[in-house]
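Chain lettering (A, B and C) follows the sequence in which the chains are written, and residue indices restart at 1 in each chain.
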C-alpha cells in the first residue's frame, strides 16, 4: 500500500495524488478516447448513453449523495433539459447557445424548487420532489402546443457549430467531452468551501449553521448545481432518444437514477459512474435472464422494475456503501495483502438517530 | 354553478375518497411515529390487500367477509415480516437510504402482484355493489358509504386500542422514547413490527373497501402517494391532523377535477405543494428540531 | 453589571410546551475570563447555549455581544460576530475527514461561490492553500496531526472531542461556548483539556463560557461560576463561593440544608 507523505498544501488539493490512481484514470481516459477504434457502432452508442447517464448520476449525486437531500423527482430535470433543448433548437437556436440556455433554465427551476424545499424536513422533501415530477410529467403531456403532448416531440438533428454530427462516433465524442467537463467540475466543487458546506449540511445542519453556513442557501445552491447538470444530461439524452414523450421521464426513470447512485455508492463521484455502468449492463443481463428463467417468470412484464427494486434492497441491506465501497475494500485487500484482516471493515453498530424533539 | 345535488354528490364522493386516503395515511403516521420511517410502499400494502381479498374470495366461492378478514390479516403478516426481517436491519442508516429502500419495496410489490395476478384490471364483488338514494335525483353508491362507516369504526377501534389496552399504551410509550420504553421491559422491537402489521392491515382493508370504486389493478397503490400528500397537508406528526388533511384532499379532488380538467388526477399534489410552500411544517405543525 | 461586559444576557426566558426551560436568567461575561455554568441535568445549561447561538428562539429577554444584538441575527450569522461553539453530543460531520471538518470551521472567513468553485479558478486555489495553513496551526496546537486525513466515523471518542474543539477554534472566535468539554473523557484526557483551555485563554486571548459537570476542571480554570437549577439562576461567584453556597448544595444533593 502506497502511503502518501504530504509535503506541501498542494498535495492536499491535488486530485490524483497517488501514482496508481494517475495510471488508472489515464488508462480509462485513453480507452474512452480510443473507443471508436475498437467498438462497433451499436456498442459505441450504448457507451455514449452510459456517459449521459453518468452525467445525470453525478447531478443527483451532488444533491442526494453529497448534500443529503433526497430527490425522487430528478427525472423531471432530465425531461426539462431534453424538452427545453429540443424546443429551442427546433426554433433555430444553435446547439451551443441552447445548451447554455437549457442548463441555466434547469438551474433556475432547480433553485426555485430548492428554495421551497430548503425549509422542508427530510421526507417532506422526498414527497415534494415526487409530486414535482408528477406535475412536470403532466405539464409536458398537457401543453400540447409547445411539447407535442403525449403524441411526442421529434428531436431535430444534432448540429454543433454548423457541423452536422451524424456519425455515431461524432456524437460519442460530444458525450465524452461533456462527461469529462462535468466530472472535473464536480471534483473541483468538493475541494472548495462551497462543496464542503454541502457535506456539512448533509452530516449536521445544526453545527453547519453554528459555523456560519447558511443552510437554506446551501440547499438552494445544491439544487441549482444538481439540476443544471441533470438538465445537461437531458440535452444529450434527447439526441440519443431522437423522439421525446412525457412517459419517458416518469417515476421509474427517477428510480433508475436513484438506483444508480445508491448502488454505485452514495457520496462519491466514482459511485455515480459505477452506477451508470451497472444501469447500462442491466438490460443486457435482463434479456439474458429472460432466456434462462422459466417463461412463467422470465416473460413477465414487470421483471425490470422487480429487478431494480431487488438490487436496491440487497445493496442497502448488505452493502450500504455500494459498489464504490466494495471497490475500496477490494483495493485495500490487495494493497495490504496478506495483512488484511476481516475486521478492518466491520460496520459499527448503528442506532436510531432521532430527529424529533420529543 | 353546479346544481345542489351534484355538489352534494361530489362532496360525498370526495369525503369517501378522503376517508380511504385517511385509512392509508393512518398506517403511514403510525409507522412514522413508531420508527421515524416513512413507508413509501404503504400504498402497495393497500394494492396487495385488494388483490389478496380478491384471491381469497375467489378461492372460497365469492363470500366477501371471510375473504376480507383473511386478506387483511395476510397483509398484516407481510407488514410484520417486512419490518422484522428487513427494516430492523437498517436502523441508523441515513434517512435517504431508508426512503429509497421503501420506494424499492413499492416497485417489488407492484411487480410481484402483476406477476401473480396479472396486469389487467379485475373486479372484486363486494356486498356494497348497489346504490343508496338519499333524495330525489341523488344516488350514491353504497360502496362509498361503506368506506366512510368503516373509517369511523376503524378509527374508534384504534383510539380505544391505543388509549385503553396495555399493548396500545406500551406502543405509545415506545414511540415517545424507545430507550426508556426498552428499559421498562417493553419489547420495543416486537411492538414496532406489530405497528407495521397494524398499518398494513388497515391499508389492506382500505384497498378492499375501495375495490368497487377503483377496481383492482397494480396501479391503485399510487393512491398511497395521494394519502401521503394528504397526511403532509394536515401535518405528519398527529393522527387527527393527517386524517383531516386526507379528508381535505379527498373533498378538493372531485371539484378540482370538475373545474380544472387539465390537472385531472394531480390536484392533490398541487394542493400539497402549495401548502408546503406556505407552511413547510403542514397545516397542523409539530416541532421537528433535533436535540443538541 | 460591569460596563465592559462582552456578552450580556438579560432576563432570558424560553418555554417548551408550557415548561420554563430557562426563566428570567441574566448574566454578564467579561472579556478574557473563563465563565462556567453548572447545574444538575435538565437545569437548562445547554438551552442557554442554544439560545445564544440562536438555535432556539427565546420567549423574552435580550442577548448582546459587543455591539451586536444577537436576537436580530439568524443562526448562521452568529459566528461572524466571533462566537463559536461545541456541542454536548459531538456534532461533527461524520462522513468527512478531520481536515474537511476543520476547513468548514474556516467557512466564516472564506468566500463560497459555486461558479468559481466549479471552475476552481486560481483565486480559489490561493484561498484554499492559505486557509490550510491556518488550519494547520490549530492542528499543531491541539496535537491532532495523526488524525488529519481520517474520517470522523473512524475516530475514537476522545479524538472527536478534540476535533470539535479544533473546529470551533478554526473559526478564530473571540468567545468560545464549550458544552461539556470534558464529559466522557478519562481523567488524563480531562486534564489535557484543562491545559488546552488555559492555552486558548492566554495565548489566543479567547473568552470561554463552558457548561461542565467536572467540578475539578471548573475549579481549576474557571474565574467565575454561575449555578442554575430548573431554569432559574441560583448564584454567580467564584468557584469557592459557589462550592460553599447552600442553595447550590441543595440543588445538587436534593437535601434541605
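The definition used in the following text is that a contact is a pair of C-beta atoms (placed from the backbone, for glycine too) under 8 Å apart; a residue touches a chain by one contact, two chains touch by 3 or more.
Computed from a predicted structure; not experimentally measured.
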Could you tell me which two chains share the largest number of C-beta contact pairs?
A-B
Taking each chain's C-alpha mean as its centre, the one farthest from chain C
B
Taking each chain's centre as the mean of its CA atoms, chain A sits from chain C at a distance in Å of 39
Dist(centroid_CA(chain B), centroid_CA(chain C)) in Å evaluates to 46
Chain A and chain B, separation of their C-alpha mean positions in angstrom:
32
Residues of chain A engaged with two or more neighbouring chains
206, 357
Set of chain B residues in contact with two or more other chains:
289, 292
Two or more partner chains touched - positions in chain C:
55, 87, 91
List the residues on chain A that touch chain C in their complex, please.
9-10, 12-13, 185-186, 188-189, 191-197, 199-200, 202-204, 206-215, 221, 224-225, 267, 348, 357
With touch defined as at the start, can you tell me which chain C residues reach chain A in the complex?
16, 53, 55, 74-80, 84-85, 87, 91-96, 99-100, 103-108, 110-114, 116-120, 124-125, 128-129, 131-133, 153, 167, 171
Residue ranges of chain A touching chain B (in the complex, touch as defined):
64, 68, 70, 72, 116, 119-124, 126-128, 130-132, 134-135, 138, 142, 206, 252, 255, 258-259, 262, 266, 297, 300-303, 305-306, 308-310, 312-313, 316-317, 320, 349-358
Touching residues of chain B toward chain A in the complex: what are they?
35-36, 38, 40, 86, 89-101, 103-108, 110-112, 114-115, 119, 176, 178, 218, 225, 228-229, 232, 236, 262-263, 265-266, 269-270, 272-273, 276-277, 280-281, 287-292
